[in-house]
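One chain, subunit A, links the two complexes that follow: it is found with subunit B in the first and with subunit C in the second.
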Partner chain A sequence: MKFRTLAWFVGPSVVMMLLFIAFPLASVFLQSFQITQPVVETVEVETCTPGFLGQTCVTETKTTPVLDDNGNPLTTTEWVGLLSYARVLQLEQVGSAIASGAWNSILAIDFWKALRFTLTFTLVTLPLVIGLGLAIALAVNNAARSIRGQIIFVSLLPFIITPVIGALSIRWLFYGDGIITALMEDMFATDISVAANGWAIELLMMFYRVWHVAPFAFVIFYAGLQTVNQDTLESAIIDGASRFERLRYVVVPHLMPLIIFVALIHLMDAYRAFEEVVGFSSQAHRITLQWLTYDLLTPDDAGNRAISRASASAMLTMIGIVVLLIPLLRRTWRDHKGSAH
Partner chain B sequence: MKLKTLLMAGAVSLLATAGAQADCAFENDVPIKSLSAGFEAWKAVTDAMAECGNVEAELDQEFRTKQPAAFAANPSLYHIGGVSNGTVTPLLNEGTIRPLDDLVAEYGQDLAPNQLIKVDGQTMAIAMMVNTQHLMYRQDIFDELGIEVPTTWDEVLDAAARIEEADVVDYPLGATMMSGWNLAQDFNNMFLGFGGQFTDADSMPTVNTEAGMKALDMMKRMTEYMDPEYLVSDSTYVQQQFQQGKIAMANLWASRGAAMDDEAESQVVGKVNAAAAPLAMEGGAPATTLWWDGIVIARNIPDEEAEAAFRVAMEGLDTEMVQANSDDAIWLISGYEPNRLAQGAIATASADPAPQSYPSTSQMGLMHTALGNELPAFFTGERDAEATLAAVEEAYITAAKEAGLIE
Partner chain C sequence: MATSKALQQPFSLRLTSASFLTLWCVIAAFPIVWIAVMSFKSPVDAFSANPLNVVFGPTTRADGNGLSILDIVTGLIVLIAAGRLAFSRLPKWVERLTPKGLAVIGWLVGAAAYAVAFLVVFFGILPIVLGALNPIAGPLGVPVLGLTTEHYYAVWIENGFWRNFQNSLIVTAGVVTISLTVGTLAGYGLARSGSSLAFWILIVALIFRALPHSVLVAGYLPVFINSAEILRPILGENAPTLYGQPLAVIAVLVAINQPFTIWMLRSFFQNIPNELDEAARVDGCTHFQAFRWVIMPVMWPGVITTGLFSFLLAYNDLLVTSLLLDAQNQTMVPAIAGYFNRETTTTDQVEAIAAAVSITAPLFLLVMIFQRQIVSGLTAGAVKG
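Our next item is the complex of A and B:
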């Protein structure tokens, strides 16, 4: 291909990637080393507010931002090195927790609590998504042609539903007097409070993620199954391979690149888990790294937001994803090099 | 004949439209947008404003995070903002709302003096209602069991114990203890009730104190009588618990009172009464904070638009609106007649000593967030009270350093 043609093809995508991925990332990276503060002054302010009948006026000292001539708050920006990272990681507390042998108190620190849950969430759901996706694909592949279309449609539904809505609908089945909780309460004659139990919420969040993502894995694997070499399968049958052996030695190796692809996508997505926390209101019990970043970025009632710590937390999340992906990427790279034609 | 009927119908519908517009004293031809919270009172006010024409009202419970940026834009994305004393701080701090004294002088002749929110002598907002938490309780259950209306939290717990024994409701108590903002606010109420102060003169935190310990202890004792899922329980959750007859008492926002008598969704119409918020300690103020809700006008809009916005707002806050929606809030507007469920909030607001107004400062914003994030660990049992309060102080100090409030 001529370079000119290639440039015309790739150019727009490269511009988009720079604009929407590279520049924001660079800006977040820079901001994680900076702290921007408003210039504040302490002033005496008299504020009059209503009671039910009369007015109450109080004079108090308040810190307010200094405004410039255009009425915008003045700010100062300072390079602080790794300070924001240190504040997110809270290494001092971790150190003292280890020194005093109170391991559990590490998990009470926001970042480590979020990391623990995010990792468990990602690694537990990964094999389940791949396994379930493969199972559905095999089932559909072996189903009679006449009903295949309907089965595919129904199996895809969970993936089509907007994540937050999906999470909410599962939440409503279980929280409070949800249908399922009420049924179980009747069956076992006890009082079940799903939302009061951290582990129950954690299981529910993982169940939701598997339910939501397995259809994606299914579609990919189903497409892959159509390309399995039928001659190889037939010779395997002649050689007396059982159903399981055919799966193990013919189908799965053939699907391996797709399994790695699904695993890559799932690891990236699950590590960025966020909808589950919102949908299940699990903040009291379980938080994820992405939710932590969001929480730092959300302004409070007085308008303060921790942009620098949020940037640091976002960078740490990205580093986490890269670390998780390295084994898979190395494998893909090796395969790629090995099969150079 | 047929044509005549048609014409008549047309004339009647024209009359009807004219009738609807007659509620507004003038016809507004400037497009006005407003952003406010989404509870009943705001629906009533913005509906009344809409009668003037060309008013687009956005009612959004996430208004507090949208408002500061939307008002800082030039021109501002909204003309009218619905605020409370908790959420007006960033607008005041960044100077994105305008002083209203001229407009009040020209169009605000119907406003009561205590509706004017003054900061350093300038009117910055117009209050329309006060809000506070008050003790709502099931009168029928109290009568049946012969329980006196509690005035302190210890008495609330005693009453809860008796209701639990009688087994007449699922849970004796309800509370807005959803982790985050709500839980922090419930702590604030109890903490102030025990005489606590959040920060000292140097902006350093002072919650890891006796008052803080007492507040957490009391809240923990309350949870024994509550739905175990209280960490996902916000105001709407408690309101529905009441409406479905699942709880007998709760310290709930006055603005939720009207929902109890809403026949379309409540099974306890007429059975819920309200009393002053209970005291945390003898001789103290009711364990709650006072709030006001009202409107502000954006700075970054032309003066003509500000004038139109203010006139529309005055139509939204007039006596007619209040008389039609008397039950939806504790209105400050003339013509308001308090109903049965307003008595609790009025008793709370006029108690002696009176509860504090919710402190509206940058420090309080950070403290509220720190409390909302760190307190759940205490209620799930991951941390004891002292470690939790220490963690709150630490989270606050980190945030305050980052915001430049302390060195």
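Our next item is the complex of A and C:
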């Protein structure tokens, strides 16, 4: 295919990606070094109130925004270098925490709290998703052909459901007097309050994510299982391999590319976890990096959005995902070079 | 195919795997089924700590909202008949009434009409008929199962959830249409070009796929909010403010969806033999003509699968829509998050649950109809990586 033809075919898609992904990315990068603020001036205002005999006058200095000809507040944009990053990272506090040995106080800073949780969340759920997905795939592969359709249907539900709603549906089972909490309270004869306990919420969020993504892993692995070479399996049996050895040395190596694919997708998606925080209302206890950016972008009580700090936190989030993906991207690159030559 | 004796499994293994599957199915379905049950009960029952109360709803029944055995049996019969009709008669009607070449539109119209007819019969006519029958049915007519649709009524009519539904429809339809139009062309181009430029576009797309969406939104927000001033020199006085416009949200979601779309469609087009379009090229077609006359007729399975995933992305999105649309103009998912934050009474909570179930219902139908496509689509994407 000639370059011109390729350009006609791919052009619209590339333009969209440039305009709506690459351009915002560049502008976020720039914004993270700038701060836009309204121009303010200090004016002296004298207010007088009637009193006995004479007026009582008070002179105050007030800060008011400067308006332009149309009545909109004027703004200035300043280059501040790494100030926004410093505000997000709060390195001085981290430094003093390390110096005084109070490691826990680092985790009271929003960014580090979010980073700690996001990484734990991503890395703990990863093996669980792969393991559970593989287990379901093997079990469905064993099941009678007549019921496979129904099982796949039921399994797909957690994957397809709107993430916030999925999180909510699990939340309603546990929060307050949800029936599962009530059941556990009956069993252990204690009072359980899931919503007040950070670790309980964290576990619930991880449970939700595994519940939500395992079906995706299952479908992929299930498809892979259909293409396992039966002859290899039979020769492994003749060689005296046990069931577990067959799984370990024949099936899993065959599924390896798919396992890497699922790991890649899961890393990307779990790292930008966001819906869990909304669904479980966990912001008081656990927040994620993406939620932090979202929170900075949401207008505060005065209607201001902390755009530059949000940009800095967004850039830091992005750096994190790139670091996580490097090993997997290098592998893709090696495979491509291997297949091209 | 008979399994060879060596591959047959011992009974204990079969039992373990069967019980594991049962457990998994319960875990997978339970939360969704449970909120569906809760949404039909009065708040006291819905949040009762006793599961039996949640299922049978004694308080709901005491309030005069109950189903008798006669209601349940008739309802089930109507449901089963409707299901049968949908799979046996509906395809024939659609086939007979749609002109050639408009099969997709014909199906959409047919399915919508069928859904409306079902709703009218099930929620309009049936209650009236059963209301007349119940008093004369004796013990069969006595309510045994508490059930009320008042929360759905409150959500959809009183709280104006239909407006959010409408917004969701606009956004989803826009995203699916534009994504597929742009993505199909790109996917085909990338699949047929072996150049390293194509490879680099795909790798960059993969990196874009990994970007947290908040990164992008942080880039759009200032531009969208100030777009009127930025665009004024070009468009004159009536330059629009893009913030809050459905079109802006559609464009953003299409872009976010694009990396996935082109990867998926590329792997699909790679499975269509190259010889097909080469033959057309030999016969004198340009690339575009080959695409139009040879590839388009055979590409629909792949396009439908990709469309399904685009639908899911647009329909399920919370972050982009909640940041780029203002409070009066939201789609369903951010609207329910709003519900949720303002909930103070238990009635509000049950309404939030009813709204959640309403959002889930179309997805449920979608899996039912397109299960095969979803599975094969995921698989095709994975095998090619």
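In this section, the second predicted complex is superposed on the first by the 304 of 341 C-alpha atoms of A that agree within 3 Å, B and C clash if a C-alpha of one lies under 4 Å from a C-alpha of the other, contacts with A are read in each partner's own complex, and residues count from 1 in each chain.
Keep in mind that, in the parts below, contacts are C-beta pairs under 8 Å (C-beta built on N, C-alpha and C of every residue); 3 or more make two chains touch, one makes a residue touch a chain.
As the structure is a prediction and not an experimental result, all values here were calculated from the model.
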| item | value |
| --- | --- |
| First, second, both or neither for A:289, with subunit B first and subunit C second | second |
| Which superposed partner A:65 touches (first subunit B, second subunit C, both, neither) | first |
| Partner chain in contact with A:82 - subunit B first, subunit C second, else both or neither | neither |
| More subunit A residues in contact - subunit B or subunit C | C |
| Which of subunit B and subunit C A:268 touches, first, second, both or neither | second |
| First (subunit B), second (subunit C), both or neither touched by A:158 | second |
| Which superposed partner A:176 touches (first subunit B, second subunit C, both, neither) | both |
| Partner chain(s) touched by A:319 [first = subunit B, second = subunit C, both, neither] | neither |
| Partner chain in contact with A:298 - subunit B first, subunit C second, else both or neither | both |
| Set intersection of subunit A contacts, subunit C complex versus subunit B complex | 176, 281, 298 |
| Subunit A residues within the subunit C interface of the complex | 1, 3, 5-6, 8-10, 12-14, 16-17, 19-28, 31, 36, 135-136, 138-140, 142-143, 149, 151-158, 160-166, 168-170, 172-173, 176-177, 179, 182, 211, 215-216, 219-220, 223-224, 233-234, 237-238, 243, 257-258, 261-262, 268, 271-272, 274-275, 278, 281, 289-290, 293-294, 297-298, 305, 307, 310-311, 314-315, 317-318, 321-322, 325, 329, 332-333, 336 |
| Subunit B residues touching subunit A - in the complex, by the definition given at the top | 64-65, 68, 85-87, 89-90, 92-95, 113-121, 127, 130, 178-180, 183, 201, 203, 227-232, 290, 292, 299, 330, 332, 345-346, 349-350, 354, 357, 360-366, 368-369, 373, 376-377, 379-380, 382-383, 387, 391, 398-399, 402-405 |
| Residues of subunit A that touch subunit B when the two form their complex | 35, 37-40, 45-58, 61-65, 67, 71-73, 76, 84, 87, 104-105, 107-108, 110, 175-176, 193-196, 198, 281, 283-285, 295, 298-304, 306, 308-309 |
| Contact footprint of subunit A on subunit C as seen in their complex | 4, 6-7, 9, 13-14, 17-18, 20-21, 24-25, 27-32, 34-35, 38, 47, 49-51, 54, 182-183, 185-186, 188-190, 192-193, 195, 197-199, 201, 203-223, 251-252, 254-256, 258-259, 261-262, 287-288, 291, 312, 315-316, 318-319, 323, 333, 336-337, 340, 352-353, 356, 359-360, 363-364, 366-368, 371, 374-375, 378-379, 382-383, 385 |
